[in-house]
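Look for subunit A in each of the two complexes below; its partner is subunit B in the first and subunit C in the second.
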Partner chain A sequence: MKIAVCVKYVPVDSKVDVDPKTHALVRSSGAGEINPADRYAVEMARQLSEEDGVSFDVFTMGPDGAARALKYAMALGAEKAVLLSDIAFAGSDTLGTAAVLAAALKKYGPYDLVLTGNASNDGATGQVGPMLAQMLGVPDVTNAVEAETDGKTAILKKKDGNTLYTLKTALPALASVPFGANTPELPTLRHQVAANQREFDTVSAADLGLDPDTLGQAGAKSIVTDTVNVTAQKQGIELIGSVDEKARDFADTVDKIQQAIGGGKHA
Partner chain B sequence: MSKKKIGIIGGGISGTALGWNLCLYDDAEVTVFEKGRIGCGTTAKSAGTVCLFDDSLNNRYWDVRLYGFETYLKMEAERKGSAGFDKTGTLVCATSEKEVKRIKAGIALARSAGYTGEYITDKKRIHDILPMLNTDSILGAGYTKDDGYFDGTMISNTFAAKMEDLGGTILRGAEVTEIVIENGTAKGVKTKDGDTYDFDVVVDCTGPWSRFTGEMAGLDVPIWHTKAEAFFVVPPEKHLDYVFPILKFPAFYALRAGNNIFICKSHLSMNLDDPMHAGQWDPDRLPEREGTDDYFIDFLFHQFEENVPGLTDAGLNSSWLSYRAETRDFLPIVGDTPVKNYLLATGYGGNGVIEAPAVSRDLAKYIMRGESTLLLEEWAFSRLLKKKGE
Partner chain C sequence: MPKTAVFTWLKDGKLSDRIAQLVNNGVQAAAEQPVSLYVFGDGADAGLAKDVAFTGVDKLVIVNTPGLAFYQTDALGQAAAEAVQADGIDVVVAEAEPAGQAILSRAAVITGGGMTSDCTQLRFEGGSIRQIKPSFGAQVMVACEVKGTPAYMTMKNNGTAPVPPDSAVLTPELRTYDGASAITCTGTEPLPESSHLTGADVVVVAGKGVLESGQFDAVKAYADSIGAALAGSRPVADQGFIPFDDQIGESGTVIQPKLSIIFGVSGAIQFTEGIKGDGKIIAVNNDPNAPIKGFADVFICADIGEFLVSLKAQN
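The block that comes next holds the complex of A and B.
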């Protein structure tokens, strides 16, 4: 049984500006990491691959730096890693991204199960997984927190608020996995160092037989009309001192908050 | 009484330690400008180790080390947690006879100051202190239970609070964008908000930013950035049933950070001419976390294979990248510059937590009374100018 995990390499920086003309996000550093939710998709694949005869491959669309996300997955056992990288892919909307991924999965597949993160923490649309399923012509389950398979069917636990649904689907299928679905194993130093040396495929639009005009910004069906930089309003308060001092300061802080929101003083 | 007005740029450990020391003089009027939050720069990503003996700072400057350590111990005693002290002790491993000699001298110095310290050759005892170590790869190890690491950001905030208690001013979120120079003399600073402040003395404590702030004063501050790439790993045992001491090898060090172990290539093993190690970059572009290079993780892994096999299968949890502001001789730049009344307290490299208290004490005295010290003379800007001209 073959599993494909699609992951995104996202910027780590919260210091983000918005370009007033293009509404694109401008980051102060180029550093990135694997999208947080995608770690849980990789972990689901890793756990399933503990069964004999199950293996998983990893795909990402992005610039060269996105190979780091592949290396993370390789350190956790991904067999093949594929970087979908082409200037023609730049500026793709969710539909364009799904189209590239679908073409890649067809080229390297067929896959019995495709896993993605539920949403990326930068765009946060949650659209790519379901769009990809549509393009592959397979059923999809979002918010899947657990998976079991016998190679022909998959039993997926889907979380919806406080309700957990158990769904059975024929394979091939796609599941998108939310943040917090499981406890991701950490790559060990040994495995990470080995993964850093490993080869991965780099694939272009031409390799996938895709027409560049239908991709990237040129082919995007959606137009970004505005992007708002939301600043977190939360502020941490550091309590220092002995346990008693900390407890007293904490109680004072709670009082202040209660007063500010119009509540009474706590007992 | 007319007061001397001093403006300090940068609210890291350098700027806040200096600010507090200056405020101890009743004829000083001190303002610290910090463009972010106090202790948010290099200081925030520091390991904060202040070991009684290790190779991070030459034994020549033992008093600097001791003064730093005891300053923080007193801070911690005044208010628990205010220096973030974690007393783990330190194990310094010797890999050459030269190291053995240096460690033994450090132990003698520590003991002369009333602390414990011993040089251990019994491999079983070393193994008991740190079971994950390969004791075959070392000649012996210096060990003390008395030291540990501190929290540079806590310390900076404590210095800042103590400074404000003494009447000093801290302007948070205040970015200095111009240093006002008239006839080769610094007269004050301008901030991003368009405000101008007049000063008798301006001290640049901006660490890795001092290349940029130096340019505002028309100076080429000779510091390089070395990459400080720190990785947080979870040992295979997950929860250790012993206290993981600060572990020092010439090429790397490790210390506990909650249930993680903080690992980093040592600052003295960085080569300023190797573009993978050093360069001149923009610290404003540093990410909050990640941004590290495979090179460093590979390097540390190979060190561990040889020396700390128990960490080779540790899980890689997170990482961060920072820049140490390093000079050619890996010692800071303190005091006067060719621009009159524009002083530097920068280039602390990998030792700012250790060095800031003693340097700030001496620099404050120099600024307020014009009296220099041997330390200030050795760490003066002029030593680097001479080297440049040679």
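The block that comes next holds the complex of A and C.
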């Protein structure tokens, strides 16, 4: 049984700016990491791969640096790693991203189970999983916190509000895994070193037989047109003085508000 | 004028309580013209018409999807796509919640349409729909546009006024979608109440700055001392200091307390989207220019550690 995990390399810093001219995301710091939710998808794949005959591959779309997300999964046991990298992919919307992933999974597959993170930390749309599933013609279960499979079907536990649903689906299928679904194993130093020395495939639009005009910024259907500074700034007050004065005024303010709302220790 | 429709799905047989608000979002996208309303659901029938009689709706379509529940997105995506294709719908507006988002993502692929999620405002301007949504971490909003049709957009609850009810009940067009899903449900179990934060009057929030100054325990003790519920920002949950259900933000729990006391949170929009309502906000941060300052009623610039030591000495 083969599992594919699709991961994204995202900026560590939550401060991502929007270029005023191109409206593209500017990730100035350059520091990145595997998308937090994707770590839980990798862990789900790793746990499933402890069964005999189950293996997992990892895919990511992005520039060269995105290979670091592949290395993370490789250090946790991913067999094959594929970097989908092409200038034609830049500026893709969720449909474009899903189309590239779908083409790659068809090229390297077929896969019985495809896992993704529920949503990325930066774009946070949560659309790529269901879109990819539709392109592959398979069902999707989002917010899947547990998975077991016999190679023919998967039992997925889906969390929705205060209810845990046990869902059964024939394979192939796609599941997206939320942040906090399990306890990810950390890659050991030895495995990290080994992963760094391992090769991964780099795949372009041409390798996948995709038309560049349908990809990236050229093919995107949902586009950012401009920025709007609508965040309301409150005209609040600032407490000043020595730290002791600030702490005293703060405590007084909290007291007054608590009395006004009838809560807390003074109620 | 683009043909605009609001899509909604019954969940456990119930209508969403946001339909009147979504209709208003649809009407705004349609340059104040009436929209169509589509209700999908297992057992959906003409009896629903009186519950969705809203001004701003000039056509009601009720699609019975026998045996299909919200998690059967493969079939419901197909049902949504078929409605879009059969009726030549140009613009679909729906609620930004996980099931609808997955269903419309699939419908977008089937119909070759573009999609923008998590919009907070739609405006019809110069022949196209401007979709306003929070940007990625920056303290700005971005305007998006979907090229071509059909165009799908999901709406977050941003306080758009609901359209008023209409005394006239529309005669619905009744349809049935008979497609099957590959997914079956074999059981459900209740999870513990997800959060003690929902009903709390006073919430103390610890952010990354609290962890960096090693003051998590002190903040926790302070929350206890004033009888407040303790919550945190994403990095605090990420490092296991609080359960994920107690993480405040766009991707976590949204709270509406009467007083929020926020320590060491810079105030990126993903965080501030997690506090709603008109409760008071007090923020303490060591950065005099932290964006949280523009979100707070009372701001204190101080070293978190020194501040907490001094605060403790006050009592």
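Note that the second predicted complex is superposed on the first by the 223 of 267 C-alpha atoms of A that agree within 3 Å, B and C clash if a C-alpha of one lies under 4 Å from a C-alpha of the other, contacts with A are read in each partner's own complex, and residues count from 1 in each chain.
Operating definition for what follows: contacts are C-beta pairs under 8 Å (C-beta built on N, C-alpha and C of every residue); 3 or more make two chains touch, one makes a residue touch a chain.
Owing to the predicted nature of the structure, the values given are computational and were not obtained by experimental measurement.
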- Touching A:31, do we find subunit B (first), subunit C (second), both, or neither? first
- Which partner does A:155 reach: the first (subunit B), the second (subunit C), both, or neither? second
- Have a look at where A:130 lands relative to subunit B and subunit C in the superposition and call it first, second, both or neither. second
- subunit A residues touched - subunit C or subunit B, whichever exceeds: C
- Between subunit B (first) and subunit C (second), which, if any, makes contact with A:97: first, second, both or neither? neither
- Message: So in the superposed three-chain picture, is A:116 touching just subunit B, just subunit C, both, or none of them (first/second/both/neither)?
- Response: neither
- Looking at the overlay, does A:192 come into contact with subunit B only (first), subunit C only (second), both, or neither? first
- Task: May I ask you to decide whether A:12 touches subunit B, subunit C, both, or neither, giving the answer as first, second, both or neither?
- Result: first
- Item | Residues of subunit A contacting subunit B in one complex and subunit C in the other | 11, 13-15, 238
- Query: Given the complex with subunit A, which residues does subunit C contribute to the contact?
  - Reply: 70-71, 73-74, 77, 98-99, 101-103, 105-106, 108-110, 113-118, 130, 132, 135-148, 151, 181-194, 201-202, 225-228, 237-238, 244, 250-251, 258-259, 261, 266, 268-270, 280-282, 284, 293-303, 306-307, 310-311, 313-315
- subunit A residues within the subunit B interface of the complex: 11-15, 28-29, 31-33, 71, 75, 185-190, 192-193, 196, 238, 240-242
- Task: Mind listing the subunit A positions that touch subunit C in their complex?
- Result: 11, 13-18, 23, 25, 36, 93-95, 98, 119, 122-127, 129-131, 133-135, 138-143, 155, 158-170, 173, 179-180, 220-231, 233-234, 236-239, 243-244, 246-248, 250-251, 253-254, 257-258, 261, 263-265, 267
- subunit B residues within the subunit A interface of the complex: 79-82, 154, 157, 233-234, 236, 284-291, 294, 297-298, 300-301, 304, 311-317, 321
